[in-house]
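Which chain is which? They are A, B, C, D, E, F, G and H, in the order written, and residues in each are numbered from 1.
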Amino acid sequence: MSACAKSHEFSSDDPFVLAGVELSSRLILGTGGAPSMQVVDEALAASRAAMCTVAMRRVDPRTSGNILDVLDRRGVRVLPNTAGCRTAREAVRTAQLAREALGTDWIKLEVVADDQTLLPDPVELLDAAAELVAAGFQVLPYTNDDPVLARRLQQAGCVAVMPLGSPIGTGLGIANPHNIELIVGEAAVPVILDAGIGTASDAALAMELGCAAVLLASSVTRAQNPAAMAAAMAHAVDAGRLARGAGRIPKRFHAQASSPIEGMAVL
Amino acid sequence: MSACAKSHEFSSDDPFVLAGVELSSRLILGTGGAPSMQVVDEALAASRAAMCTVAMRRVDPRTSGNILDVLDRRGVRVLPNTAGCRTAREAVRTAQLAREALGTDWIKLEVVADDQTLLPDPVELLDAAAELVAAGFQVLPYTNDDPVLARRLQQAGCVAVMPLGSPIGTGLGIANPHNIELIVGEAAVPVILDAGIGTASDAALAMELGCAAVLLASSVTRAQNPAAMAAAMAHAVDAGRLARGAGRIPKRFHAQASSPIEGMAVL
Amino acid sequence: MSACAKSHEFSSDDPFVLAGVELSSRLILGTGGAPSMQVVDEALAASRAAMCTVAMRRVDPRTSGNILDVLDRRGVRVLPNTAGCRTAREAVRTAQLAREALGTDWIKLEVVADDQTLLPDPVELLDAAAELVAAGFQVLPYTNDDPVLARRLQQAGCVAVMPLGSPIGTGLGIANPHNIELIVGEAAVPVILDAGIGTASDAALAMELGCAAVLLASSVTRAQNPAAMAAAMAHAVDAGRLARGAGRIPKRFHAQASSPIEGMAVL
Amino acid sequence: MSACAKSHEFSSDDPFVLAGVELSSRLILGTGGAPSMQVVDEALAASRAAMCTVAMRRVDPRTSGNILDVLDRRGVRVLPNTAGCRTAREAVRTAQLAREALGTDWIKLEVVADDQTLLPDPVELLDAAAELVAAGFQVLPYTNDDPVLARRLQQAGCVAVMPLGSPIGTGLGIANPHNIELIVGEAAVPVILDAGIGTASDAALAMELGCAAVLLASSVTRAQNPAAMAAAMAHAVDAGRLARGAGRIPKRFHAQASSPIEGMAVL
Amino acid sequence: MTITFNGAACVIEDGTTLETLLQSMSTTARGFAAAIDGEVVPRPTWQMVVLREGQAVEVLTAVQGG
Amino acid sequence: MTITFNGAACVIEDGTTLETLLQSMSTTARGFAAAIDGEVVPRPTWQMVVLREGQAVEVLTAVQGG
Amino acid sequence: MTITFNGAACVIEDGTTLETLLQSMSTTARGFAAAIDGEVVPRPTWQMVVLREGQAVEVLTAVQGG
Amino acid sequence: MTITFNGAACVIEDGTTLETLLQSMSTTARGFAAAIDGEVVPRPTWQMVVLREGQAVEVLTAVQGG
C-alpha cells in the first residue's frame, strides 16, 4: 500500500518521456513469439506496458484477428519495427510503409547482418537512421553495445538508443554491463535496453545500470507462463528503477556488522 | 492494476509459511545500520516486511525510543538474533534471554567466527542449533553457502536455513549461485537468502534461484535513500518470485528471431 | 630461453615447501579418471608434477600394472587420499592403511558427505584431521571454500589447506574467488586449490589469487588429450605464479593510452 | 623438459602464420607505457615476442636511444600502429609515413573515437581499412568485439582482426567472451585479442576461446615487474593454446568422482 | 494482364486500380500499406493508381513481432 | 555490597532484589530480560531473587540489529 | 573355517596366518596393507597373526585416484 | 622564409631542400619519414624537394607505443 505509494512517488520524480511523449511505463513489450493473440493480450495486461512493437509483413487473408485491435483495446501505443531488414534501403521502405499503414512516425529501426546472430549491421544502421531522421521519423535504433555507435546514432538525430544486452532471443542477459554504463554515462537521449534479457533480475540490472526503459519480447512471450513473466518484469523494472535512484551501498571486500558491536553482554 | 492482481494471484499459489506461521511478505528486514528509528519506520513501510530482526544488547538508560514500539505500530513480527555471539554457549544464552524478553521462541541464530568476515563458525553453529532445538526454539540459522552444512542444520531440526550470498554488509551479491541452487534443490525447509545483497537485482536473483525469502539489512538501511531501496527490494522479491514460477526461457548460444521470418516483402 | 631462465629465477625466489619438504612443482596431479596407466604416464611427464595422489582400494588380482611403479619410474612422490570415506572413522583407518602400505605419513584427507556433490563434511573432516594430526600424520585436507573451516583445519595442525574451486569433476572453475582470497589472506600454511578446475585459465587464476599450488585430476585425465592438457596446466601454473609476483595493473573504468599522446603530427 | 618438448610438439601442429609470414610466438608486445628502453628490452626477452608495435610521432632531437635499435638487436619484427588517429584520413597518412619510415607494409590500424574510451570508430575504421588494403598494406585492425564489424573488416581484405577484450589499459580482461567466440567461430583470418588483458589468466582465456594470438601492452609494461609479467604472459599464451587443443572437460552441474567408487573397504 | 502480388503471379483485368485489387482481397484494409515496385503508394491515391503489366505490388500490415 | 551490573561495578544495599534493581533504572521494564552469572532469571521470580555480593547481573533488551 | 576377505566369504584351513593368506593371492605384496575387523595389522606381524572364524580381513593397495 | 616544422614556425633560407633541413636536425635520419602539407615525400626525392614559404613539414619516426 504505502510501498505502492512510495513507488509511484519515486517513479513520478521523472516521468519517462520519449520523443516528447510521456509514457506511463518503462517496459516496452515485443509481441513476437507468443503462441496466440490471447497470450499477447494477457501478457500485455500483466506487463502494464504502454507501448508494443509490431512487425510489418505481407497481408495474409488466412490470418484471423488483428494485433492492432488487441493494442487498441488495451490503449497501448504501437511501435512498428523493421525486423528482418538487411539493408538501409529495405529498412527505410519498410518504415515508410509502417508510417503509411499505422499513422505513426515512430520506428524501431532494425538492420541485422545475418540470421544466426541477428546482430545489427553498424554501417547500414547508421545510413538508415540518418535517412529516416531526414524523412521526419522518430527513430529508435536497435544497436549493439558499442558506445561509439550509440554516440553516432544520437548525432544522427535518433530519439533514443536501444543497445542489446546479448543477441536477440538468447536470454544471456547483459553480457557487458561496462558498455551499457559507458553508453548511459554520455547519452543525451533515453537508453533502452533491447534484446538478451532472460529473466527478471536481468531487467532489474538494466535499470540499475541507468537505462531509461527495457524492451522485452522472447523472455516474456516464450516463457512457460508469459503473463506471470510479464508481471515479474513489471516489478523488476520498478525495482531496478527505484534501486538506481535509492543509491546502493558500495561493494566492500570485508564484512561490516549490521548489529551494534557495543553493549554485548558477558554470558 | 491487473498486474497487481496477477502478482497476488501467483504469490498466493503458495503462501510463505515459516515454522507453521504464514507471513504476508517474503522480505524480512534487518533493522540494524539505520541512522534513526524514523528511517527504520519509513523503510519498514516501504518494504511491506512482515518480520524484522532485532539484536539483544545491554539496556542503556540514555537511549530514547524503543524499536519494539515501532514494530508493534506496524504490526510486524519480531525476530531476535544472536548477533555478536562467538560461541554456542553465548548464542544459546542470548536466545534464552531473547525469548524471556520478547516472548517469542523464534531465533535468528548467528555464531560468527571473527569480526573481519563475520562468517559463521560451522561447528559452534551446529552445536547451538541442536541445543536450541532441544530447548524448544524455532531456529533460523545464519549459515555460509555450504550445502552440506545446510543439510546438517536441517537434520538438527532448524525450521529454515539462511545461507549468505556473500559476507554481511559487503553488498557483493550472490557470490556462488551454484551453491544456493544445490541448497534449494534438496532443502525440505524454506531457504532464506541472508547477507550480501547489495541491490534489487541481487534480491530478484535470490528468488529466481528458488529461495523462499530474503533477509535484508545493510542494503536497505545504509542505502542513500533507505525507504526507496526498501520499495525497490519489495518489487524485486515479487519479481524474482514470479519469474521463478513463470519458467524462464533457456539460454541459447545463437540468436532466435522474435519477429516472423516468413511474409517479408521484397522492397 | 631467457624467459625460461627468468621463470626459474622468479619461481626460485620461493621454492614450494610442504610439510618441510621442497617440491619441484606447484602442480599436484590426481591419477584418477585416466583410461590407462599409459595415459597417466604421459600426463605425468607433460605435467612435470612432483607429487601424485592415489586412492586405497581392495587388492584385485585381475588388475595388471601398478600405479606405484609408474610413479617410481618418474621419481614422483605419492600422496595417498581417503577418497570415498564418509566418516572420520573410515578416513582415519584408511589413512593408517595407506601409511602402512606406502610408508608415508602424508595423507590427502577427504571426508565427503554424499555422492552427488562430493562436498566435504565439515564436522567429520575436522574430527578426522585432529585425530590424524595426533597420530603423527602430515594432513592435507580437501575442504570447501569456507575461510572459517580453513582456519580451523590449520588450528588443528594441518600442514596445508586444500579448498575447492567448485565440486569435484564439474570443471566449473573457481566459483567464489573472494573466498579463496580470504583463505589465502590469513593462511599460515600453503593453500592448494583442489577440485573444480576445468581448463588452464582456471589454474592460472588460482595461482593469481595467491594459492601455493593446484591439485588437478579430471581436468587433465578426462580431457580429450590428457598429455596436452597436462602441459597446458604446467604452463598455466607458472603463468599464474609469475603474474602474482609481477604485480598486475589495477583495473580501471576508463581507458588509458599505451601510445604517447604528445608528438602527434597534423596530417 | 619433456613437457617443453610436448609443448612445442603441440604448438608446432599449426605454426602462427600472419599475412603469409610465420611468426615464432603468439604473443605480440606493445612497447608503450614502459618507463625506459631498458624495461622494454627485458620485457621483450622474457616475453619471447616475435613482433612489437611502435607508434609514429614527430622526431624529437632530445630523445636518446631508438626503439628500432632495441627491436633489431632482439631480431623482433616491427609493427607500426596508427595510435592517436581519429579519422580515416589521418590513419591512412600515418600508415603511409610508417611504411616510408620503416619499410614495412604491415600496419596495426587504430582509429579511435575519443580519449576516454579509446574505442574504435567503426565507420572511420572500415573506410581506412578499405583504403589501406587498396594501397597494398597488410592491415591488422584494432576493432571492438562486434562480430559484424569483424566480418566487414575481413571482407575489406584485412589479414587479421584484433578485437578488444575491454578498453585499452583498463585491465578488465575479456568482458564479453561470447562475442569473441562468435568472431573466432566464423573468422577466416587470425583473430588476435588486443586490449583489456590485465593478467595471465586473461591471456590464457583468450587463447582458450580460440584466438590465434594476443597483443599486450599496458598489462606488461605497466606491471610492477614488467619482465616477470612478460614471462607470465608467455606461459599463459602457451597454456591457453595447449588447453584449446587438448579439449577441456565439459562443465557439469553435479560432481563426478575421480577416484574409483568400487573396491571400497569396510572399515 | 499479369502482375506480382506479394511475391505471387496474379492475373487481373486491364484497368484494375490498386483500390479494386485490395478490396477484392479484404473487407477491411485497416492497417494496410501498399508499395508498387518498391515505392510507397499513399492510400488516398489508391483509387487513382491503375496497375500495369508486370508491376510488383506489395501490401503489408502489422503482425506480432519484435 | 558490590555487584557487577552490565559490566560495571555497582554498589547496592544488602537485600536488594533483582526487581528493585531494575525498577531503579527504568520506569518500564518492557522487553527486558535478566541473567545472573549467565543464568536467565525468569521475570516472575525477579522479586524473589535477592542479589548477593559479587554477582554479575546482565539486563538486556531489543535494539536495532541484524 | 570361514572368514570374510575383502567383502567375500572365503573358506580357509584352520591356523592360516594372514601372511599365508596374502601369499596365496599375490606373488608380490608390495604396497599392500591389511586390517582385521577394522584394525590395521602391521606387516611384520602378518606371519604371527592366525586368522579366526568369522573375522573380516581387508587388504588394500594403491590405485589410480583423486 | 618561414615554414612550419612539426608544428612550430621555423625560419630557413630560400632554396633549402627537405634533405638539408633534415640533416640539420639529426645526424642519422634512420627510420624517419616526411610529409609536406600532408603528402608523403619519399626519401629518394628529399634532395630534390625545395621547400616553399608557408609549407607545413611533418617528420615522424617510430617511438614506443601501442
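The working rule: contacts are C-beta pairs under 8 Å (C-beta built on N, C-alpha and C of every residue); 3 or more make two chains touch, one makes a residue touch a chain.
Everything numeric here is computed off the predicted structure, so don't read it as measured data.
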When you check each chain against subunit A and subunit E, which touch both of them?
B
How many hops, at fewest, get you from subunit D to subunit F via touching chains?
2
Measuring between Cα centroids, what's the chain most distant from subunit B?
H
From the options C-G, B-E or C-H, choose the one that repeats interface A-E, i.e. more than half of its residue-numbered contact pairs are shared.
C-G
Subunit A to subunit G: how many Å between their CA centres?
72
Subunit G and subunit H have mean C-alpha positions lying a whole-number Å distance apart equal to 93
Between subunit A and subunit H, centroid-to-centroid distance (C-alpha), Å:
55
Send over the residues of subunit D in touch with two or more other chains.
30, 32-33, 55-58, 81, 83, 93-94, 97, 117, 119, 172, 178, 217, 253, 258-260, 263, 265, 267
By the touch rule stated above, which residues of subunit E touch at least two different other chains?
6-7, 35, 38, 58, 60, 63-66
If we count contacts the way the header does, which residues on subunit C are in touch with subunit G in the complex?
30-34, 37, 40, 53-59, 61, 63, 66-68, 78, 80-81, 83, 93-94, 96-102, 108, 110, 217
For the subunit A and subunit B complex, residues of the former touching the latter
1-4, 6-7, 10, 30, 32-33, 45-48, 55-58, 60, 81, 83-84, 89-90, 93-94, 97, 115-119, 167-172, 198-205, 208, 217-219, 221-236, 238-243, 245-265, 267
Interfacial residue positions of subunit C with respect to subunit B in the complex:
113-114, 117, 119-123, 126, 144, 146-149, 151-152, 166, 172, 175-176, 178-179, 182
Give the list of subunit A residues in touch with subunit F in this complex.
258-260, 263, 265-267
In their complex, what parts of subunit H are in touch with subunit C?
6-7, 35, 38, 56, 58, 60, 63-66
